[in-house]
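One structure is given below, encoded as structure tokens.
We call the chains A, B, C and D, going by the order they appear; numbering starts again at 1 in every chain.
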Amino acid sequence: MNKKLRAGLIGVTGYTGMELVRLLAAHPCMRLSFAASRSEAGKRLGDHYPFLEKLPGADLVIRQPDARQAAAQCDIVFLAVPHGAAMNFAADLRGEGLPVVDLSADFRIRDAAIFEEWYATTHSQRALLKEAVYGLPELYGEAIAEAKLVANPGCYPTASVLGLYAALKHGFISSEDLVIDAKSGASGAGRKAAVPTLFCEVHDSFRAYNLGKHRHTPEIEQELSIVAETPVRLSFNPHLLPVDRGIHATIYAKLKGGHTPDEIHAAYVECWKDAPWVRVLPKGGLPETRNVRGTMFCDIGLAIDPRTERLIVCSVIDNLCRGASGQALANANLMCGLPVDCGLVQAPLMP
Amino acid sequence: MNKKLRAGLIGVTGYTGMELVRLLAAHPCMRLSFAASRSEAGKRLGDHYPFLEKLPGADLVIRQPDARQAAAQCDIVFLAVPHGAAMNFAADLRGEGLPVVDLSADFRIRDAAIFEEWYATTHSQRALLKEAVYGLPELYGEAIAEAKLVANPGCYPTASVLGLYAALKHGFISSEDLVIDAKSGASGAGRKAAVPTLFCEVHDSFRAYNLGKHRHTPEIEQELSIVAETPVRLSFNPHLLPVDRGIHATIYAKLKGGHTPDEIHAAYVECWKDAPWVRVLPKGGLPETRNVRGTMFCDIGLAIDPRTERLIVCSVIDNLCRGASGQALANANLMCGLPVDCGLVQAPLMP
Amino acid sequence: MNKKLRAGLIGVTGYTGMELVRLLAAHPCMRLSFAASRSEAGKRLGDHYPFLEKLPGADLVIRQPDARQAAAQCDIVFLAVPHGAAMNFAADLRGEGLPVVDLSADFRIRDAAIFEEWYATTHSQRALLKEAVYGLPELYGEAIAEAKLVANPGCYPTASVLGLYAALKHGFISSEDLVIDAKSGASGAGRKAAVPTLFCEVHDSFRAYNLGKHRHTPEIEQELSIVAETPVRLSFNPHLLPVDRGIHATIYAKLKGGHTPDEIHAAYVECWKDAPWVRVLPKGGLPETRNVRGTMFCDIGLAIDPRTERLIVCSVIDNLCRGASGQALANANLMCGLPVDCGLVQAPLMP
Amino acid sequence: MNKKLRAGLIGVTGYTGMELVRLLAAHPCMRLSFAASRSEAGKRLGDHYPFLEKLPGADLVIRQPDARQAAAQCDIVFLAVPHGAAMNFAADLRGEGLPVVDLSADFRIRDAAIFEEWYATTHSQRALLKEAVYGLPELYGEAIAEAKLVANPGCYPTASVLGLYAALKHGFISSEDLVIDAKSGASGAGRKAAVPTLFCEVHDSFRAYNLGKHRHTPEIEQELSIVAETPVRLSFNPHLLPVDRGIHATIYAKLKGGHTPDEIHAAYVECWKDAPWVRVLPKGGLPETRNVRGTMFCDIGLAIDPRTERLIVCSVIDNLCRGASGQALANANLMCGLPVDCGLVQAPLMP
């Protein structure tokens, strides 16, 4: 056990922290060596999370967040704290020389002005922002392997960017007029006590929220603009699903014309054939969130509506694993010189 | 009890039949006098539906479908049988002189050729098709009151047409480039034994189906073309929600420009202010399917995305009540000279 | 509208308050005339509860709780506030001469010492306790009609007492060795923001709580002791179901012997044949919580296990309607001289 | 890959077959080499189960069930077919010399007469029945390691026997008067198309079934009689939960007296301290089904009701993993000389 890499986790009580605890419990080459939380410091992790008993990590005692202690006990640190708080933790940890994977939004937006506009927060670590690498392994694997600070992507951007990548890269679709209708499970709303996320408020119901105003919008636009090699402006619209986990992004794009459905499908298959986690469904197939439950998979289904000359891409991930903590672990793997999928070869929990 | 109008129901075992049984049990002026089903004939209705015991209708014995018997025992008949079968039942019942509300798709599409193309079925009752009235009370109330055959609208068309009506009528949006991303509860898939609708296949998951190919597409286009006074072609895309009831249609439209958000919202409020069931939410409000559960309400929320110059309309109904059996009852009320909302003044079941 | 009886509601924001708002919106002879809440005072009720728009009560403005104001504007008042707080509100309202239905536990336990032991609260209104009537209409209908203060029963006691009544009355079972394994939907846990009742903590899971220690235990024992005419001590054990509404009590009793299954079933049928809401299922039938959803029904199924000589009673109610607000309304009906089921003839929402 | 042990699976389309496919995809020392199904023969496994794509097993082609083919391609075979059918497959496979783990009930009941009574089926393989070993690893680990035919326990018996083992072994409770109130997720009902297990029939509802008559009763009695060293007769009563996975058995037992709660709890902890999967919760703790989701864990919580002198044991497992396919794999591990938990060190999927 001692030869495993030592991972620290600042922010252990939210759903992304919980998911990292779960994933690290089964990781063959990395172990949780330091877990911190302001509210739960002093408690044994297995007492806080009964699901963890008799698994690696259960006997760890939760500590107060502290960069120096973390430096002494970790080879790498995950930040699972709210945006705004994360940037300063990151600076402290980098000051101690530790590599950091930040699960918050603080280093995702390369342009600090855009960050400050959408998040209504001053960015206090602009120098650090410059060295941060956007942690989508399929697109930035090499840079991530060299990085000391990785900005772990948002859940919606992960599904959206992977879903549109091949179509934009090949120029099958216009980079204008994109509409993303996204649906997320309730774990995406976090683990804070609040009436709108009580069981009886979410169960057996469905609703949209933050239409056109969600903070993941500039992040998606930033990444798709790079892929399309032209500024992309799109309409991003999230909804709340009565499920624990899962994002389903239904993406509407205008076909440029000149490519058959078969060509488009073949290009998607070719694009992702060597990626361990992106699965393009057979022609006519459509993804289901349960098929990726608990895993790193991104399942992509394509539909072409000839009547309206649209490509409709359905892109599905697990918001907690692929959309947060699993992707953070993949990034940590790369930063530590491990295979990207180390500890992440999982079969989805079905049903 | 005897002075109540006598209603017949052909097709009692599906979810729309079940919902009519529920609604008629509480109707002050109409009662179920004849219930028919091939598979359950001979059984007491209260034994088939234990939820109905000690309520009106429980002691009725289910009969074989038969137009002559229905004529003898009913003042009006509801058809809750599959499309294709309904058209011939309707002809028989009309032959007996009975007014008919058909919950199937058989008389919804005015152009038989379009019906035959989308439903892959020959229309054997073209003459009858001409006299059928499309049963959306807010739009066709007067014609419904005169009709002898009402084509009850589909669930998705009900939500879509009510959601877009005011915007098209006022010319706020382009009639091109409409995209409807619709989500429906599982009762919309019917009550047939099938693996894809088993609990463990639907629960805690989400998926799209029939993208760009759903049979409600031409019905929505037909009705919106009338409203817009120009042919409308749109992209309609349904998804399956892990809830019992509820449709949430998220509708994406291009703003023509020249109208402020306040003007658009005010026009929606004005348009529906006297409608008993269409509720336009306050500015910034977004609907939830549970807020209409079990009722005739259509809740409409508006969002304007200034960055992409779009109007996003969220239109929410209960697919079984407003989207099927409740609307059928509203139509029957009008056809029988009753107030449209007789037996349909319901408060939503919350939570 | 003005000739309707005027009902006040202190405590409008919880699930029982919400349910009363729903039920009063459809009541033919009673209307909500006064709604109070400390936290939401000043807000229009329809803005607080969008489900209520275009229904009676939507335009009411929420007030601060105040006995004198309530007296001026009400003919009867419902208390939907926490135990401990309710007893003093009740005293104030009785001081103003108003009849009161208290949905809290404050007046359910006739012996103040037992109340104080289980609720760890001093009972400050012992005089008032003496005049309170336990509001189970099937058992105490006449006393309720004369009462000025009704203690509305707990949800678990309602299901348990109705389920065991006939068996104890007829002496089919021993009054010793009773075990009640009860399961409740999450609305029973209230609408307070708390992590353990978040969607992701309840959904797709199941757990017991308060085994042997739930505060409804002495209430069940009190009422069953009266029925059995001997002190009853039993083991009551609740569980949390991932559903919105519904209680399923599975009750295990030892048969005394000497009665056939047919005799026991027939006695149950006979006992409840004139009760509008208690439905004894046919032999072999077992109830489902959905069959009573949104209603006052109590569905009872009987099973006899000859190998272990036990009677197993399944007793099912809707915890919010029959187990709280609907029953409160039935009590108010009786107190106001209305038929007990006025405004409460509902068909369950299926599915 | 080729040095892995080769496992066959007869019956790939049900939930237990699906779960074995999931678990074998992640097994480090065993791989699926033969998958058979009458209805799906000829289909690629990854096409049948899209969740499996890019995981081990996806490229396997489903075959017709055939003992000789299985013998040629497997080192061990799992039977996931209905009872009655399994016994003859088992005989054929044993005739080919293959070790077999049977997930059906055919070899669980040692007394063929009791099997025939409860299952209403003739046992055609009585000789084989004698050599079968009951596959509960904690109790029969050594015999399983020597066995060629293992009868994999039922899901309810697994939870019930593990929950009561320590209390009966230590004589804390009477072996009479046991009541088990068990609740199971819907995957326990299998994957056959049927109306009662449709989403809309199970979701947001709860019901009992087969009270006192479930076929797992004699299996539980058989195993507990061995533990108690006296014939045990008990009342077993199952219910259907609206969750995918999970069994919660609430077990009511009479305390013999003479032991303090602390002694009882300590004995449970001591009994299971070296078992990798049985977790006794701290005093006062109660288990939740989600804490064992997707794993082999059995979580046990104890409550003592001093008023009624009862021990209440809550025993929780995942019905598909621990209650079926995971346990089958643990048995196969033992039969093949692998560590019992090979491929089964899983962290529960939370939330």
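Note that a residue touches a chain if its C-beta (ideal position, glycine included) is under 8 Å from a C-beta of that chain, and two chains touch if they have at least 3 such contacts.
Just so you know, these numbers come straight off a predicted model, no measurement behind them.
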| item | value |
| --- | --- |
| Both-way neighbours, i.e. chains that touch chain B and touch chain A | C, D |
| Remotest chain, chain D as reference, centres from CA atoms | B |
| Of A-C and A-D, whichever chain pair has more C-beta contact pairs | A-D |
| Between chain C and chain A, distance of the C-alpha-averaged centres to the nearest whole Å | 45 |
| Approximate Å spacing (C-alpha centroids) for the pair chain C, chain D | 39 |
| Separation of mean Cα positions, chain D and chain A [Å, integer] | 35 |
| Per-residue overlap in chain D, given as positions that touch at least 2 other chains | 15, 187, 200-201, 203-204, 242-245, 287-288, 290, 293, 351 |
| Touching residues (chain side chain C, partner chain A) in the complex | 15, 185-187, 191-195, 197-204, 242-244 |
| Complex contacts: residues of chain A adjacent to chain D | 15, 18-19, 22-23, 25-26, 47, 49-55, 187, 203-204, 244-245, 276-277, 279, 281-282, 285, 287-288, 290-294, 297, 299, 345-351 |
| Touching residues (chain side chain D, partner chain C) in the complex | 177, 179, 181, 183, 200-201, 203-209, 211-212, 233-235, 237, 239, 241-246, 248, 250, 252, 286-290, 293, 301, 303-308, 310, 312, 314, 351 |
